[in-house]
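Given below, in the form of structure tokens, are the structures.
Consider the two complexes below, in which chain A is the common component and chain B and chain C are the respective partners.
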Partner chain A sequence: MSDFILGPFWNFAVIVFTAGVVGRIAMILMCGLSKDLAAARGSSVKGAAGTIARRFFPRKETIRSNRFHIIAGYMFHIGLLALLFFAAPHVQFLKNHLLGFGWPAMPHWAFILSAEIAFAGLILLWLRRVMHPVTRLLTRLDDHLAAWLTFFAMVTGCLALFESFAGLRVLHVLGVELLMIYFPFSNLMHAFTFFLSRGASGARAGRHGVKA
Partner chain B sequence: MIWAGVLLLLGTFTLPVLPYLWASASNDIASLDTVQNNPRANFWRNVRTGTAGYSAVGGPEANVLINNDGQNWRQFRMRLLAPYGSYLMGAVLFTIAIFYALRGPVQHLSNEPKELLLRFSVYQRVVHWFTAILFWILALTGLILLYGRFVLIPLFGSSGFALTASASKEAHNLFGPIFIVALFLLVIEYARDNFYRKGDLSWLIKGGGMLGKHASAGRFNFGEKIWFWLVLLLGTIISFSGIILDFANLNFDRNTLELAHVLHGIAAILFISVSFGHIYLGTIGTKGTLRGMTTGYVEQAWAELHHDKWRPDDGATPEASRVPGAPNE
Partner chain C sequence: MFSTSTSDPEPDFEKGAVALKQQIDWRIASYFSSCVHCGLCAEACQFYVETGDPRYTPIYKLEPLKKVWRQEYTFFGKMAKALGITKPLSEEDFIDWEDLVYDSCTLCGRCSMVCPVGNDISYMIRKEREGFCAAGYAPDGLKEATKRAVDTGSPMGVTWKALSAQIKHIEKETGLPVPVDIKGAEYLGLLSSLEIMGFPEYISSLTRILHQAGVSWTLSSETFEATNSGIQIGDSRVAAELVERVLKVATDLEVSNIISPECGHAYTAIRWESANLIGKPIPFRVVHIVELLDELQRNGRISTTGKTDVKVTFHDPCNLVRKGGVVEEPRRLLNSVASNFVEMKQHGVMNWCCGGGGGVSANDRASDLRLAAFNIKKRQLDELGVKTLVTACANCRNILEEGIEHNEMDVEVVGLTELVAEYLDPPEAEESGGAP
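Moving on to the complex of A and B:
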């Protein structure tokens, strides 16, 4: 079983993930934008770049009403990114199997702190999703699956941290594989497409000389 | 030649027991059994008193060759905490089962059409379930660490249990600090309505309405208030002792770690035991209560039966009000 998870199933997951992500982005790009016939009053490139950057920060008009969502959202995403790119086993993996080079990994205490922040954020976001009457109505099975698969991949990774048992590491790999296979067909694609959506609306607004 | 062989055999078999025979004949065998069965016994007995000597190695207790407190702690864990903890949790579950069989669930008369009242805001519910989820992750992993060798080894085998225990320890250490944050948020959010108020004692005397007579209560009854303060007390003990155990490498001495573990174990078992009652009363024990913590709304008939002194506008929910059109799930 371990051989299958670490071998053929891993290759399958990588292929589905890569092909799926590239395919979906290509489909979005091929849709294109409707032609803007208005005279340009500003730079669409500047507008796109500005909107992509600006939307990393919450609007001050909505901070008060959305503070729970904003704080929990940042906790989860920052924690997850730190784990994904700066956890020592991940840096090692990327160096050995993908990129051929590495970078300094975060110390153990920072890993634990990042994991705790990410877990707290993820659980709080999911709870708010199911507790708030509006988000509950908007929530589909896809949202639950995405949250639970992410949780599973994260928690098995933390359980395997000390690599005391090979079985725990294999379980983590399985969790990551399931997440990779599900990723291109789910809302998780926002990890790649948020650039496109922000960029598109920013470019259009920038061309009209306004901020998006 | 034959006699020589016989003497050799006799000598071989009897020589080793000669000291015993001699001691037995001279009535010294009783004292041998107690203090002198091993000439080095007194030496090791002295070593186990924990007297500090000299060692070139630095660090807490490095000068003590054998610290017997570790053995005492192990005995406490295996012979007192584990069995009596299981008796307590089992007794609570058994009592609840008997009570449910005899009394059944507390039901309120439902009015038609149902008028709903907002009892808990979204934030209050999120904080409650955040704490509850973390509590049960920690409770289950903690119980695996305490009872796994008795329950899981027969099921999973030694290797399977070792893997499960390792995973449980990592999860317990990881989610523990998040529970402290959750506990803090819970206390801040719910403290205001959980202070003692006039009438709480009479609620308790009437057995919270379980003995037949109606017992009046405000937003939270005295039982819920006791549970709240127990959560704070036991949660604080568990949190502080848990931090010490989580950061055991920060030069804590053995006695501190043992004390932390003893307190952690006792508080956790009490916490889990009392939580059974909370879960029972919040779910199958009292109809309509769980709905308040899932959708946020309760029926007016439920509120009049259990919290007749509560008016939605004196609750902690700023948006609390009568909401006739609220979701009826």
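Moving on to the complex of A and C:
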């Protein structure tokens, strides 16, 4: 079973993920967009770049009313990215299987801290999702599946790090594979499409001379 | 030319469904793909903030359009539709969402400024209205205003005769001619019906300022209305028809510039949407009156003397700041005539809407909700303790006055053009003379 998970199923997951993400972005772009014929007041390129960069940070006017979500969101995303790119096994994996080069991994204590922050963020976001009337109204099964699959991949990843027995590593790989297969069909795609959405709005706003 | 969608008495679901599908472009597809249902847009919407009703969450107002996108453009959506697992778009969706799409959205675009993934929700609502309008699900008040705009040229039914009568009063009051149908003038001035009937002081102020600046301008007796109900209701064919009327007289009168009046959505219509509505660039420069006044002042063509020392604040029309980038111009003008100008905490691109934009002011059934939404503006004004509120949009002015009256507040609303005109150098200082 572990051979299947670490071999053919991994390859299958990679293919689905890659083809799915590319296909999904292609489908978006194939929807077309009319050219804006109004005389420009500013630069759409600068606008797009500015909005892509600025939306990593909340507007100061909105911080107070959304502070819970903003803090939890940062915790989850920063923690997850730290784990993804700086956990020793991940750095090793990227070096050996994908990039051919590596970089210094974070120490064990930083891994534990990142994991705790990411878990806390994910749990807080999910609790808000089920408790806040707005997110309760907006949430679909997809949102829960995405959260649960991410949680599963993270939990098994933490357990695998202790390497108490090899099965945990296989379980983590399985979790990641499921997440990768689900990814292109879900709103996890925002990890890629946010460039498009922010860029499109920013380009239009920039053209209109608006700092969005 | 008047679109059947706004005049047909019977709703037509199929037309609406087709129109909604036609609205999906890659911007919208990327927006829906990116949305993680975080709900942060809720706190940016005054209808949600003031009522606490989660249905007023901006992205939730787009559920019908999202349903079309999901079922037509996503793998699981298509599969679920084919297997009959999800309900396809139905007439019920139009019925259930009509009030959210029209009554509780002013197209102000504030939600579009805060979305972490950059979704321009206001753009999508504008598009969604195309589907609702085509299906026949739009507020009666807005339908009637649109019909009047097509039939008479004005959403309020204001005719040339009415404007002509106002012009006579203005000429008598100012001692200056109001130029009409002057071929070869540099600028074509447009007006909103609200200005003609409710705030004619805008026209006299415009006349006085442009006279002092030596600007060659004209009104047109054929088309003088700048507002565009087609954009508000979501009927691009009507919007294009109304825009074409303006462009026709601009061409006939051989002007090179068009002045949008103190009206936010009229500015958006003429400045940003006209070329896209007719499918080709327009050969005219379009400026909002505030942009023009700022330009004239900076070029030394208009000069003012004295300033009001009354504490004043400025209400930014949403279309100017969030859709046109006109943020600094009104502030420069205001600072030139007011020594005690103070800003509301949330101003400029993050201002709170008056509550009546995007056709909400023409929608009678939304009046209670509109007044509830005004409370946020009331708090802003109370916080500053100002007695004078300046703005640059006749619709905002009307809605603000209504809210102020409803709440028995002691605040006067003044148009920016009017305030600048009040401090214009006296006529005797002008070389040409002629003004009283």
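One rule holds in what follows: the second predicted complex is superposed on the first by the 212 of 212 C-alpha atoms of A that agree within 3 Å, B and C clash if a C-alpha of one lies under 4 Å from a C-alpha of the other, contacts with A are read in each partner's own complex, and residues count from 1 in each chain.
The rule is short, and it goes like this: a contact is a pair of C-beta atoms (placed from the backbone, for glycine too) under 8 Å apart; a residue touches a chain by one contact, two chains touch by 3 or more.
Just so you know, these numbers come straight off a predicted model, no measurement behind them.
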Quick check on the chain A-based superposition: chain B and chain C, clash or fit?
fit
Would you mind checking which one, chain B or chain C, touches more residues on chain A?
C
May I ask you to decide whether A:H132 touches chain B, chain C, both, or neither, giving the answer as first, second, both or neither?
both
Would you check which partner chain A:R59 touches, where first means chain B only, second means chain C only, and both and neither mean what they say?
second
Determine, under the contact definition given at the top, whether A:I28 touches first (chain B), second (chain C), both, or neither.
second
Applying the touch criterion given at the start, work out whether A:H90 contacts chain B, chain C, both or neither, answering first, second, both or neither.
neither
Check whether A:M189 is in contact with chain B, with chain C, with both or with neither, and answer first, second, both or neither.
second
Students often get this wrong, so check: with C-alpha centres, what angle lies at chain A between chain B and chain C, to the nearest 10 degrees?
120
Tell me which partner A:V155 touches in the superposition: chain B (first), chain C (second), both or neither.
first
Just to confirm the value: shortest Cα separation between chain B and chain C in the superposed three-chain model, in whole Å.
10
Jot down the residues of chain A that show up as touching in both complexes, chain B in one and chain C in the other.
132-133
Please name which positions on chain A make contact with chain B in the complex.
68, 112, 115-116, 119-120, 123-124, 127-128, 131-133, 155, 158-159, 161-162, 164-165, 167-168
Chain A to chain C touching residues, read off their complex
24, 27-34, 36-39, 41-42, 51-52, 55, 58-59, 61-62, 65-66, 69, 73, 129, 132-140, 142-143, 185, 187, 189-190, 193-194, 196-202, 204-205, 208-212
Chain A contact footprint on chain B (complex, rising order)
122-123, 125-126, 129-130, 133-134, 162-163, 166-167, 170-171, 174-175, 177-178, 181-182, 294-296, 327
Going by the contact rule at the top, pick out the chain C residues touching chain A in the complex.
24-31, 33-40, 42-44, 48, 54-55, 57, 59-60, 73-76, 112-120, 123, 271-276, 279-282, 285-286, 321-326, 345-346, 349-350
